[in-house]
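The structures come next, written out as structure tokens.
After this come two complexes, each holding subunit A, first together with subunit B and then together with subunit C.
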Partner chain A sequence: MGTAETPLAATAARPRRRASFRRRETFAFYGFLSPWLLGFIALTSVPLVLAFAMSLSNLTTVNLHTNLHYVGGQNYSRAYHDHEMWYSLQRTGILMVTIVPLWIVTQLGLAMILNAGIKFLGLWRTLFYIAVVVPVVAKAFIWKAVFAQDGGLVNRVLGALGGNSNADWLLDHPTATLVMLLVWGGAGIGMLIFIAGLRGIPEELYEVARIDGANATRRFVSITLPLLTPVIMFQLVWGLVLAANVFVEPVLISPGLQQGLGSTVPTQNVTVNLYALQRIFGDGDFGYGAAIAWIFVLLLLIVTALVFLSGRFWVFYSREQYGK
Partner chain B sequence: MTQGAVGVDAVPTRRRRRKRVRPARLATQAILYAFVLAFAAIFVAPIAWGFFNSLRELHQGVSGPVIPRPAHWDNYRYAWSGLFSFSHYLWNTVVLTFIATVPAVLTSAFAGYAFARMRARGRNTLFILMLGTTFIPFSIVFIPLFWVVVNLGMYSTRWPWLIWGVSGSAFLIFLFRQFYASFPVELDDAAAIDGCGHLRTFLHIYLPNSAGPLAVAFVLLGTGWWGEYIYAALLLPDRLLPLGVKVATGYNDPTAQIVLIPATLAGALLFTLPAVLAFLVLQKQLTRGIVTTGLKG
Partner chain C sequence: MSTPIEDSRITRRELLQGAAGVAGSLAVGSLAGPELAKAIPRRRLAPTKVVVMAQELTNGAGNPGTPSVKDFEDTHPNINIELLDVDAAKFQAMMAAGQPPDIWRTQAPLVPQWAKRGQLLNLDKYFRASDLIRPAQLTPANNYYRYKNGKIGVGPRYGMVKDWSPDETVWIRTDLFKRTGIHIPGPTDKWTYDDLWEIALKLHRKNKSLKWILDVANGYTWIDRHIMVQLASIGKSLYPKDFSHINLTKNPAAMEAFRYSFRYSQHKFDLGPENPNPDGWSGPGFVSGKIAMTQYGYWFLGMVSDSGGDVVKNSRLLAAPRWKGGKHLDPTITATGWVISSRAKNPDAAWEVFEWYMGGKPARDRAGIGWGVPAQRSLFDRLPTKTAVQRNAKKTLLHELPSSKVVLQYNPYLVGLADNTAVASAYLKYLADAAKGKMSFQSFMKKVESDTNRAIKVGKQG
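Here is the complex of A and B:
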């Protein structure tokens, strides 16, 4: 009798227990996630909506003034006719298409050098990485000292090589100076990620290729590059977002070695982020700044989505095949 | 038996290889080391240049002999206490870095565990949303946040840093998720048999075994906050400023209206030192952590 009852009792109890287990699991999940989730709501979702609301208003000070009202798409049409806004967008675009390839080539190059069985690996890796941990303020002043017109390191080297040793880099070539700063200061993390990617490629593939008589170039093009495409994609998207967000460095490396932050940023280095912030903290125009920021976000979203989609044509996913 | 065969086979080949160094191989090695040295020089030269110039006469720019003579080591003393109290702003930096980093690492570890090990409705959607936040540019979030911070009376306070800290970082959550997803599931089962809930499993099994990702998290986020500039510049009054801002503005000659470049560089390098030391101490965990967490995408 007892044996006949147990299965019945079990089938009756199990669904209820499973439901309560699932509910508890969901509870625990959101409990674990709650600090991040609250932050996500307060620091990302709400600001995004608020920024959109601001962009539709004539908010011009930090305080809610009495004649605050809805202005429709006025800020957006103003941005559309603002040549300086378009110019800043163009400068951001130029930064993105110059820095990102330079980053990827430098990072991959450094990673491959370090992966070639070199001695004192730890020392070289540290030296290549160290610039990443240097705070941006220190980086900026070091850069000003390196690119100073009078006695800067770059002009000294150029002079020693017989070139023009009197260029005012910070004023006349601000974008080139900025790009070099960002490549120098930002290559380290990507290098470590590429090293990890290179280590993930099975050594057997290279051995087989060597037996088949493939030379180093062929091995790089046919094995290393295709198997690294997922990493390259990751670096590409991440790099694009980082490059799009540049705006602190231009302010900190404004021209004039001893003029400090008082001198104005050359227009070539006014990125769209900086332009939006200047409208707000310079002109107090919150509504207009928010509209520019939203235009920028949408454009960046389109660009990153296109890059992602392009992956279908060139990213090689091989996890099942090689077990990595 | 196969092992023995491999062992016997391996010894002579290795010996043979060591004896005969082919010239082609020697050439590639030479090129390789030339490249390493060149890159190392390029990456370190700016820092060395900054250091040399921190030793010039206080009112000088960067012209003159490469290594200044005499070297003005007292510039470091001047950077420490000449125009402002360096230690006061150093303390500010420590406080801001601490309240923004430590809670963020914990929050991110909790969230990473939840994404890797717990089943709940909405998990995948939230994960994608979480990754999506990394694509949102600074300006669009900061513009309304600034306004909110001012209107909530948190302007000129450190509260925003604590809030940023508690809410974690999407990048770190991803890092912890990748790491915990590769943890052996048997550990969970063993813990479950012992009657551990998720909280105890996480605190007693997962967290103590995450030295790698914890090091990565502390180095990446900690050095980031240590040198942070823009939030502090826009939100804090002078008495609460971290060195990340103070170094840029603090070394102006009050009479000549110029930036004292040697003092600024000395201050900037003093300010850089703790970040570099933290990196040097944790670098082994950092590089290993990036390999093992599958951060490579």
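Here is the complex of A and C:
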């Protein structure tokens, strides 16, 4: 019996140990996750729900104790008929479709330069990345100095080349100026992610392609791009969310920074976030501002979902990457 | 100083001290007349905290105009002041959540919105009991902190100015006019807005390198306030009596006043978004000789005096220009001061802080440095007169005081905290496009009207 029992006991103990290991792993997983999870619940989920409740009310700065009441979908209906809200959505959309491709191309381009084994790699990497570590306020002020109508660097260069040295970039071309600032300021982080992606591509693939006579363009199109599509997908979703949430930079590069909350931001640069912010903190119209924010959240969720769905057709996930 | 009101346990020693104090108070009260007889019973406050959002206690610590909170806490050991940085968004959120600071700094156009909705503490009983602030001594600017039945300037007092100025006066840099042959009016000379425009135009022709000729309405953040003064001088207004909307495109007098200011933007004489100034306000530009004129009140003397040297020598304060066909008016359009929340957790303690800053040593110190006219007439003899510019400013001020009594009726439905009202925000929003000719003046005004009416509609919900 004893000899027969030993293997049985051993086989029974193995699943128990495995179960206990899984429990420990699960516990560790949630333990490590909990700081973020608690933060997400307290600082994101609860405010989201409260903002939704607010969007169904007529809350303003001054009426909490006097005339606060439920207004149903009135704020949403008002937003539907608010042409300025639609215009701000359109401007946000333009920023998204302009900036994200520019970001991806710039970031990938810089990453490829740094991955090509150039000299002074550290120096170049620092130069390309430095815009990320410069605070946004400093970046905006640099931009204002560069694009100033009187004595700005761009106008001086244009003047020296015989061009128009009196262009008012910040007021006559506000979106172009903003896009350039965002591309310059945001290229560094994505560049690092692309470098990591490029270094994850097995060198053997390139060697085989070279032996088969593939030139650089062919190697880029047939190896680099397909194997980078998961990184591109990540950058695309992340970039869309970042571009959708732009509102600090337009305020900072507006000509009358200290004249109230975004009062002098050119209308072309009033993103939907900024528009909602102005309604809340400019007009004190909390209910309406919250409704606009929620409309935008829903639209952004739809766009993100569509991008994810489109991934089935163009993102190449190798089995190895997921350990299958 | 008046005394705190809230109760706490009293020791035998404190009882004896209190008895002596009461006896002394009665003696002084019998000499001081009926004011003190109405005084609230004085007892020691329980330890408490007062939350204050006011930049005058946080900015420029150590400067003559910035009182030390520690000084207050040393003499009021049971009251701790919690200072909040001035942050419009934070304030709006605190208000919307029903948890405003106990005391906050504000300006005249913003008082009625809160007073109308019962959000400010009626301070009448405290003023009556105060030894430091005497209602009879309060200058007319303090009337902006009174509100009753839709009218500013009457009814209970909800706050008071920390200091003020007749704000339509004009500061001028005389050195920038040298060799131009332009006649500059004297400190009390009668002149008009047309004269001001002519001076700006001539100065631009004679001194092409000067980028900023005149700061109009503090970078337009006070544009509606200036226009309200101009309209008041000819018996007109921006709003109907019920404040239900702004009267603009169908109000020729208002259109003419706005058009006058707009001319400065079209010619890029101003500090608007189409001709931005990196400092955000005209103080630094004026003292560095880059801005020739700025329409600020007596309070700007503080900036001029602090700058010393050539600035003191070359600055002059002129009386307020008159609007076409109007009478001479020069009220304060800012009336910066403090209010106490009706939801203050400890109103008596909040009043202690309020009274200390408004009537105590900080007020006496402020009176002598030129950063504004004292709130109480009794402090007028402290106005500085050491330098020529200080004497000039005092002369202009005394000339303007009789014209400063008018109380403008701001719209109580325009809610917010930012120094610029919804009208000014809308004006700034479209100004650059209008000045560049991307929209007509009529369209510009229509947009300002539409934005303002939207804000009024929102404000009426409360």
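As a working rule, the second predicted complex is superposed on the first by the 272 of 324 C-alpha atoms of A that agree within 3 Å, B and C clash if a C-alpha of one lies under 4 Å from a C-alpha of the other, contacts with A are read in each partner's own complex, and residues count from 1 in each chain.
Definition applied: a residue touches a chain if its C-beta (ideal position, glycine included) is under 8 Å from a C-beta of that chain, and two chains touch if they have at least 3 such contacts.
The structure displayed is predicted, hence computed values, not measured ones.
When the two structures are aligned on the shared chain, A:F29 is found in touch with subunit B, with no touch to subunit C. Once chain A of one complex is fitted onto chain A of the other, the partner contacts of A:D150 extend to both subunit B and subunit C. In the superposition on chain A, contact is made by A:F286 with both subunit B and subunit C.
Looking at the shared chain after the overlay, A:A167 reaches neither subunit B nor subunit C.
By the document's definition of touching, of the two partners only subunit C reaches A:T264; subunit B does not. Residue contacts after overlaying the shared chain place A:P255 against subunit C, while subunit B stays out of touching range.
Once the two complexes are overlaid on the shared chain, A:T126 sits against subunit B while remaining clear of subunit C. Of the two partner chains, subunit B is the only one touched by A:N273; subunit C is not. Look at A:W184: by the touch rule set out above, it reaches subunit B but stays clear of subunit C.
Contact comparison for subunit A: of subunit B and subunit C, B touches the greater number of residues. Comparing the two complexes, residues 59, 62-64, 150, 257-261, 280-281, 286 of subunit A contact subunit B in one case and subunit C in the other. Residues of subunit C that touch subunit A in their complex: 88-89, 92, 95-98, 113-114, 117-119, 211, 219-221, 272-274, 276, 280-281, 415-420, 422, 424-425, 428-429, 431-433, 436, 454-455, 458-459, 461-462.
The touching residues of subunit B, when paired with subunit A in their complex, are 32-33, 35-36, 39-40, 42-47, 49-50, 53, 61-64, 66, 103, 107-108, 110-111, 113-115, 118-121, 123, 126, 129-130, 133-148, 150-151, 163-164, 166-168, 173, 197-199, 202, 219-220, 223, 226-227, 229-230, 234, 243-245, 247-249, 252, 258-261, 264-265, 268-269, 271-272, 275-276, 278-280, 283-284, 286-287, 290-291, 294-297.
Within the complex formed with subunit C, the residues of subunit A that make contact are 58-67, 150, 168, 171-172, 254-261, 263-267, 280-286, 288.
By the touch criterion stated above, subunit A contacts subunit B in their complex at residues 22, 25-26, 28-30, 32-33, 35-40, 42-44, 46-48, 50-51, 54, 59, 62-64, 110, 113-114, 116, 118, 122, 124-138, 140-146, 148, 150-153, 156, 184, 189, 192-197, 199-200, 230-231, 233-234, 238, 241, 244-245, 247-248, 252, 257-261, 273, 276-277, 280-281, 286, 289-290, 293-294, 296-297, 300-301, 304.
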